[in-house]
Structures are given as C-alpha cells and as structure tokens.
Amino acid sequence: MGKNKGKSQGGSPSANTGNQQSPKSSEKPKQSEPVAAPAAVPDAPAAANVEQITEQVNNLHLQNGEEANRDDVMAARKAKAAAKAEKAAKAAAKKEADAAAAAAKAGGEASTAAEPKQNNEENKDAERGGPPQSEMSKEEILAARKAKAVQQRAEKAAKAEGKHKQDQTQQLGQKEDLQSKSNLKQASSSPNGNEKGVRFVAHDQKETRDSIHNAFKPLFDRCESGDCEGPDELCLHFMECARQFISQFTWDNEEQLGTMMDDSLSMTLKAITQTDRYPLPYAMGNVVRQLRKEIMQVGRNAMTKRHLLEWLDDSEQQYFSLANSAISQHLQGKIAAATKIITYDWCPVVNHVLIDSKTKGSLKKLTVLDAAKNGPGVRHLTSLADHMGYVEYGDLTAVGSIFERGSLVLLGCSAVLSSGRVCLPKGAFQLSLVARAANVPVLILAPTYKFVDRAQAASRFALLGKTPLDILPPDLITAIVTDIRLLPPSSAPAVLKAKALDDAN
Amino acid sequence: MELEALKSNAISNLNSLMKNEPNISTGLAAIKTLLKTLEISKATTAIELDAELDAVVSAMESTDHSSTSIRSASNLFRKFISLAPADLIDQPDFVNILNFYNNRGRIFIERVARSRDLIGKFSRPFFAHSTRLLTHSYSKVVLSVLRKAQESGVDLEVFVTESQPNASGKKMHEELTKMGINSTLVLDSAVGYLMERMDAVIVGAEGVMETGGIINKIGTLSIAICAKMMNKPVYVMAESIKFVKEYPLNQSDIPEEFKYRTSVRAGRKDLSSEHPEVDYTPPSFITLLFTDLGILTPAAVGEELIKLYT
Amino acid sequence: MAQVDAPAAHDINEIRTTFVHNLAKGHTRENSLKIAQATVNYIRRIIALEKYENIEDLLNVLRTHLRYSISLAPTELVVRNIFLIAMKLAREENMRVLVGVDKEVGNPYDSLNTLWKAEENSANASATGKKMRKGLAATIKEILVELDSSRELIVSRAVLQLNDTVLTYGVSSSPTLRFFLESARRTIKMRQILSVSSQLDDHSGPDFTSSISLRDVAAAMTDVTKVLLPVSVVFPDGSALMPAGSLSIAHAAARHAVPVYGLAAFYKIAPYYSADAASAVNAQAGIGLPVKLADSLRHRVILSPVFDVVPAHLLSLYISNSGAVLPSHMYRLIADYYHPEDLTEEL
C-alpha cells in the first residue's frame, strides 16, 4: 500500500495543491507509466485527498490570517466529508476490482477495463470536490484536470503496450506472481497480504494470458493451479486444446493458413512456458513438434483443416489408448508369473495395465508406495477397489520390507532420454536401488512418444517447475516396456529413429 | 620299528572308526586316534612323545580320508600339548604329564563331540518356514543342522547338487529324504539357473583357512560366486577343529595334499591333468561361519587363529 | 530383609507390571537410554526384593522376569540386553564372593586355546544369596553410571571433519545423535548438515540442520560426504536395526561411495539374532488411506514398519563407547558384556 502511495504522491499533490508543483505535474504522470497496475493509482490520491484537504483548510486560515469565514469552514467541512465518502467508495471499488480480477479468466477484459475507468471517474469527482473553490486558483484546477487526463491517457497507452511487451514486464518476481495467483484460486478467502499482491499479479497474468489463444487458456490455468497430475494428463489436455484451436482458427488466405496457425501456436506456447522459463515436459515437446509439422502442411498439397483434425484424432489414439493396450498386452504374461506387483506414485499407463490384469485375474498381490502417505498412488487403489485381492500401501520408509521372491516392480515415467536414462517421480531411485539389492526386476512403462532426443537432463529436472524428478540410470532398469516391444534401456536411440522422433526429423 | 607298528595301528584305528561310526567327522576320528596313541604310549620324554605323534599324523594323512580335516584336527590337538602348565612340564615323572594329557584329551574330545549340536543351536534362528536352501555335496555337519531344524518343526526345502565326480550329492539327498525333508537333487550346472529362487546357500567345509575362506568339495566356489552375484547369503557350517593354519592366496596356492587324495598323489608324478577334489572359496564370498565357538564373520576366523598361535 | 515375604512378592509384581506397562504403553517410544535406565532400576528392585539362595536361583529369577517382559514387549531388544548384562554381572559377583576379589575372573568364552581347559568352578559351588545381594546391588548400580557416560563417550568421538556435508536421519528420536551433532558443530565448521524427515513437509529437525525429505536423498547424495545414522540394535554379524527408511539411505550412500556411520552405545549390542524386532509395526503412524476405501478393499495392509535391517556390508563403522569399530568386529565387544552360558539358553 505504502509503495504505490509513495509513487503517486508525486502525482496527486501536483494536481491538488501547491503552486510549486504545478510545472512538474506534466512529468509526474509519465513516471507512473511503467507501474503495472492502473487500479492502484487512483487509490493513493483518494487517500491523500482527505489529509490534504484538511491541511489545506488549516493552511488557508493561517495563510490569509483572516478569521475563518463560517461559510468557508462549512464548505471545507463538506469537502472533507465528501472526500471521506470518496474514500469509502474507493474501498468498495477496490473490492469490486478484486472480484473482477478473479473473474478475469472468464475472458472478461471488459470488467477490468471498466474498473480503472470507474476509479478514474471517482478520482475526478474527488478532485472536483476537493479543493475549496473559493481559494484555489482556477489555474490550479485546470492544471489538475489536465494532469489527470494526461495520466489516464498514459495509463491506457501503458496497458496497450503491456499487452505486447509482456516479456519485459515478466522479469519482475514472476514466481511470486504465479504463486499468489494460484493462492487466489485455491484459497478464496486470502489473508490481507495477498490482496495487494493479487492485484499486482492479476495484471501481469492477464497480459501473459492475453497472448495465449483462447483454446489453450484452460490448459494454462490448469498448469498455473498445479491441477495436472502428470505428463500424460497434460499431453492429453494439450491435444484437446489443439483440437479446439484448429477448429476455431480461420484465415482468409488458404495457402497461408498453415503458417499463420503455426505462428499463433508458437506465440501461445511461448506464453505458456514464459519463454522457456517453465519448460513443458519433454514428452510433450515431441507431441508439439509433430503437431506443428502437420500444421505447416495445411494449405499445401490439398491438406485441409479436416485432414489435420483427423490426424490429431489418430495420433491421440496412437499415443495413448493404443499404446497403453499394447503395453498391457506385452506385460500380461509377466504379471501372471509374478507373485507381487509393486508400483510407486501415480501413472495412468501403469493403472491401465493393473486394471487389465485384474480383469484377467492375473493380479495376485499389489503394493503401492508413495513419497508420503495418502499421496497420488491412492488413485491406483480406488480404481481397483472391488474384488481386489491382497493390497499393501505405504510410504518410502517401508521400502525395505516389501520385496519378496517373485516380485515385479512397474514404474511410470516422464520421459526416456536417448542415453537410456529415465525421468521418474522423486523417490523411485531409492526404490530401484533396494529392488536391485533384492534381485527384483524393475520395468519402466513408456509409450513411444515419451522417448526424447536428449542425452542428459539437469539433475533438478522439473515438470513445469512443479514436480521434482529423479533420473534413473540404465543399470538399475531391467527393461523398458513400450508399445512396440520390451527393450533394454540401451536401445532408446533405436526407438527414436524408428518413430522418427529424433532431431533430424 | 616301534614307530612302524604305531603307524599301522593308527591307520587301522582310523579306518575302523570311520567305518563303524559313519556320522563321525574325520577330524574327530583323527583326534580319537591320537588319543589312543597317547593312552598306549610308553614314551618317557616329551621329545619321544612328539616323535610318536608325528608318525601317527603322517600315517593318517597317507590314507584317503580328507587330509585337510586330519591336518587341522591333529595340529590343534598337538598345540594343546604345548599349553601344559609350566610346573607340570618340569616334573621328572613323565607319567604324570601323560595322565594329565590324557585327561585333557578326553575333555577335548567330549567337547568336540558336542560341537555339531552347538552349531545346530546357533543356526536354528536363521531358518524360517519354507526357507529354500541350496547345499553342495555331502556334509555331515549340514545334515545334523538340517535334522535339528526339521525336528524343531521348521519346514525346509532343500536343493542338493549332484556334486560329480563321485556323486556324493546323491547320498546327501537320500539321507535328507530319509529324514523327511523335502529335498531335490539338481545338476551341478543348474546352480546358476536356480540361484534366484533360493533364500540361502549352506555348505560344510573340509577346512577353514586363516583367511576366513574355506576348502570344500570342488564346485563350492562357483556356487558362492553365483550366490554373491544374486545377493544370497552363504553360510558355512564347520567345527572349530577344522581351522587350518594355511593362507592360500588363490586357487593355485592350495597345498597339494589338500587337493588330491593320497592314492592319486602317490600314483602319478604329473598332476597337471588331474582333477582337483577341492577348491578354495575366498572370504569375500562367505557371509557367516557357524562354528561351535559361535557365529563368526570371516574376519573373526583369522583372529581366532591368531589367538591360538601367538 | 529376608523376612519381607508376601509383601515383597506383591511389590515386585507391581513393579513388574508398571515396568512392562510403560514399555508397551503405545505412546511414542522412549529413547533407548531411558528404556535401559528403567530396566536397570527394575532389576535393582528384583535384586533387592526377590528371594534367592544361590546363583542358580538368582539366574532363574532373572530369567523369569525377562521372559515376562519379552512376551509383552518382544520388540524391545534393549531390555533383553540389559538383563543379559545383569546376569553376567551376577555370575561374576558369585565368583568374586567365592574366590575372592583379587583373583582375576577368566574369560569364560570358548576359543580354540581354551577349548580343552577343564572347568574350574564346578556347578555346585555358589555363594549364598545373602552374600551376593549387597555386592550385586552396587555392581548393577554401576551399569547406570556406564549408561550415562556412554552417551558422552560417543559424542566425544571425532568422526566429522572440516567442510563435511553430513546427511542424518531420525535426529528427533535419538538424543544421542542430536548431542553428537551439536557437539561436533561447536568445534568443527561443517558445510551443511542435512536431516532427512520422513514426512514430506516435516521440518522438525533442529535449527542447525536443513531438512530434506526421504525421496530427495538419492539426488542429494552426490554432495554428501558422510552419513550418520542412529542404531537401535546391533547384531553379532554387524548388521543393525535402524529406523525404517535407513536401508534406502544406506544403499544410496553405497552407490556414491559415501561412508555410513552408526551410533551404537554398548547396551545396543545384542549377542543374539532376532527376527522379532524387524517386523515391529508403528501403531502411531497416522492415516494411510482415505477412509472411503475401507469398504471396498478387503485385504489391505498399511505398511508402517518401525525398523529396517541394514546389512553389515553397507555400514562403514560403528561409533561405540569403546571407540570406532568395524561392523565385522562388533562381535568382539559381546565378550565384554555377556556370558556365553546365558546365550545358549532358549529365551
């Protein structure tokens, strides 16, 4: 609160009082330009008004040395009361602005646009009612009004600029912004500290969000709120959004359709990842790359949007449902021979395999571990609940006591690197170490789209900066189960080549 | 002359002991023979006694029974002689000393006879229900340990290797089946295939070396290496009289009298094409040794021997 | 003293009940030192109140009380150890009374060179209960002194060095470990002390440690130079019972060739093997699964082990009263505290 007050203190006194400050008034509004929140600016003048008016009233007495005219005093008092009323109204407006910010995602630019306007109007009113007319020179009043108008124009320009120059504004405290935004969503009644922060953030996110195509906005929001459970769900959602995007996108020139679509998509992606500050999961990179290749084809060789949509449907089937079925099929024999299946954390592919085995009756004992109790792994249990035989559940401290003769470990993954290393949820490394010491084979389930053409990942590899991941080296992996076949981890490059996922393509 | 008579006497004693008490350990039989020698000895000085015992030991080693066991047991027995209290040795009348040794010898034998029981007791907690064990060749100690476990109600599954060239594993398998233990006879070459299903490997030993490693029927080393690769524990059951004062550095460093039977060594000059009967398993492949002195880690064995010989 | 018959029996039973009740209370487990101290005090009351004529009687009395305690708290191995220590001291006291204070009590252990020594004390010879009582009371009380000093001795061992990054676990439940770290911090400037907490967001470690969760250990291990773990019980082969989760920490350390040290006071060294404690379950573990699953999953087990058995080959050294000991040599300390005849008994 204090910050902005200080900033616009420079602006308001020039508008309201002081002979000295009027020449500076034209400069001051420009200062407030880079300040992101227009809504914040009207705040301060309103607050300053009451005190300053009081001061002015008092000063008047002293300056002129006259005894206060009864009328004057009455007028001054009225002005004071009016200013106070304005302040109260301002507070109410602020609350409305919060609500508006919260509703901003619904695509309501209008409401936010209305908010600063509203505030400005109130501001004007406050100022009109402010200085006692009898003593303030007309000059000052005019100057005040001019300054205000300039200020508003500047703000509008800043807003417009801000939309296109999102990169520059993002430098400041990005993480906090995202944090507070997610706080806003998760806790509707946020403590006072957040109010200001949210307002500040709302504008930033709005700008980022504005450059994202409408079809992808739900995806972005989901990422922000941390609502995605893993790379698989994220990719599926992405494809869904892509479908919307393609259907909605129009361009007059048929030939340029592909290129324009690609451009828009790339801008959206830049916004989502905040220009690679929060990279997408590697596996999703594959999906995106394939999609963009296909998009570029649209408009040429008689390829139409319809073809593209069909391709999208096919790919989705191929990457997800067909791949999962193939993987499940490869594993049925091994699961039937195992006395116990052990898994860690949540993975939809593993879940699919478990449900299949349960249906076929080959799943005997199941152990699910999580990093901490009541974690994501519980979803496995809820989905298998009926008629499930023997089930164990525990956290990582139990890892020493779960391995018995004939067990099998099945793990899902985020990505398979070309060096044969695998990216998994943190904690899987330790599980695999103890499994190896107990001679229990460790199988990684990875549909081919998860194979990426990178040899290394940073050790603190993160999924959109949210989930920490472990990197499992090949000597701890018995096999990787893909939709094609079971492979040793060293065969990862072969898969890349076979599926044309490597960089050359 | 006398010595020769002594020698042939000893050999016949040893052979009859081994025949009449099939469960007796070679080492114990050797010690009993030595005690017999003490009892009938007419030596009048310590040096004479020494010479008699030397002769007897070399005679026993010339038989085809396990040289390793005979050597170790005899060494220990003879070491005991050098531990007679000082005031006793100075006595002019050697007969007193001889009586003293006889007494001590009897106590020693009685103690050694109990050793298998003690080993059984120590190893009992290591076998839980439906433990799968792999064992190699024929070992009396292992048999008694398994019998004890069986009698206390534990259900075991035992896999016995055939152990060529003399198929001694078959004998083991028969004995186990007689006891009512669930036993399976397997090929020597099937050990790698089976190892992942096992819970532990238990073997006897013909001799326990200063290194903490063991000399045992050929094939033991391969099983131990396999077990180590698959993180399975290897337990060795051996009485303390089998501790030998030898330090083999590798397989080639095993003393020849351990590797081949006496008859084989006597017959041929060139042993390079001869199959050795035993191999040496280094301590890094052994998890624990169960002896009548307690449960020892391989590192502890060397220390026991140091305590004895220094 | 001998006249106190019926009231004594009543008293001792009450004391026994209280002792076992405290053990099996179901609250958070007291730290091992407290349990050891409570056991010693319990034994002191037994010595004072029970009737016994000779050493055999006394040993039987002690064994009865021990069996009672074990059956109600089978996972408290420290109790067993203290009882066995007391039994050895009782035997020694017996010898002392019979033979005199001067003569050295020989090492009763079998080793190769003692294999054939005739037993010098025949089974019948024994001091009377009365004579033993006083000396024994004093001897047992000394155990308390040794218990107290054991923590200081361990804490004073210099193991950590300049610029070490130390990883530790279970600090909140092991005072010895905490004192060790605090003391080390005073004299050595270490780069960092990481404390592993088993909950994801539990920051209950002392202020001078940084908290990491168990799942992050594998990645953090690349920077760690030493791992320090608390020990509940050490078995004769050098393997140890440690808080659940230690096994995966030890494996991660082995993979990165980081030495692992265990802090084990003398009363934690067990002369026997026990599978009981390894299967102990933490009854205070808290909610494992959502309640709504209760109906659908018929045979479900929530795993909450208390201990992990960490094999000897994953541990580098034990820090004990008598110094830093190799795991494969821990068995040697057994001879200092336990008598072999107590060990061959089926407990």
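Think of it as A, B and C in the order they're written, each chain with its own count starting at 1.
The rule is simple: a contact is a pair of C-beta atoms (placed from the backbone, for glycine too) under 8 Å apart; a residue touches a chain by one contact, two chains touch by 3 or more.
Not measured: the values here are computed from a predicted model.
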- Query: In terms of CA centroid distance, which chain is the most far removed from chain B?
  - Reply: A
- Ranked by contacting C-beta pairs, which pair of chains comes out on top? A-C
- Task: Can you check how far apart chain B and chain C are, centre to centre, with Cα atoms defining each centre and the answer in Å?
- Result: 36
- Calculate how many whole Å lie between the centre of chain A and the centre of chain C, each centre taken as the average of the chain's C-alpha atoms. 52
- Intercentroid distance (Cα basis), chain B paired with chain A, Å: 73
- Task: Quick one: which residues in chain C touch 2 or more of the other chains?
- Result: none
- Item | Where chain A touches two or more other chains at once, by residue number | 437
- Query: Can you list the residues of chain B that touch 2 or more other chains?
  - Reply: none
- What part of chain B is in contact with chain C in the complex they form? 76, 79-80, 83, 103-105, 107-108, 111-112, 118, 121, 125-126, 128, 240, 243, 287-288, 292-300, 303-305, 307-308
- Message: Quick check: in the complex, which residue numbers of chain A touch chain C?
- Response: 367, 371-374, 378, 381-382, 385-386, 388-402, 425-427, 429-431, 433-434, 437, 459-460, 468, 470
- Message: Could you list, by residue number, the parts of chain C that touch chain B in their complex?
- Response: 110-113, 115-116, 118, 236-238, 272-275, 312, 326, 328-329, 331-332, 340, 344
- Item | chain B to chain A touching residues, read off their complex | 196-197, 199, 230-231
- Message: Under the definition above, what is the set of chain A residues touching chain B in their complex?
- Response: 405, 437-439
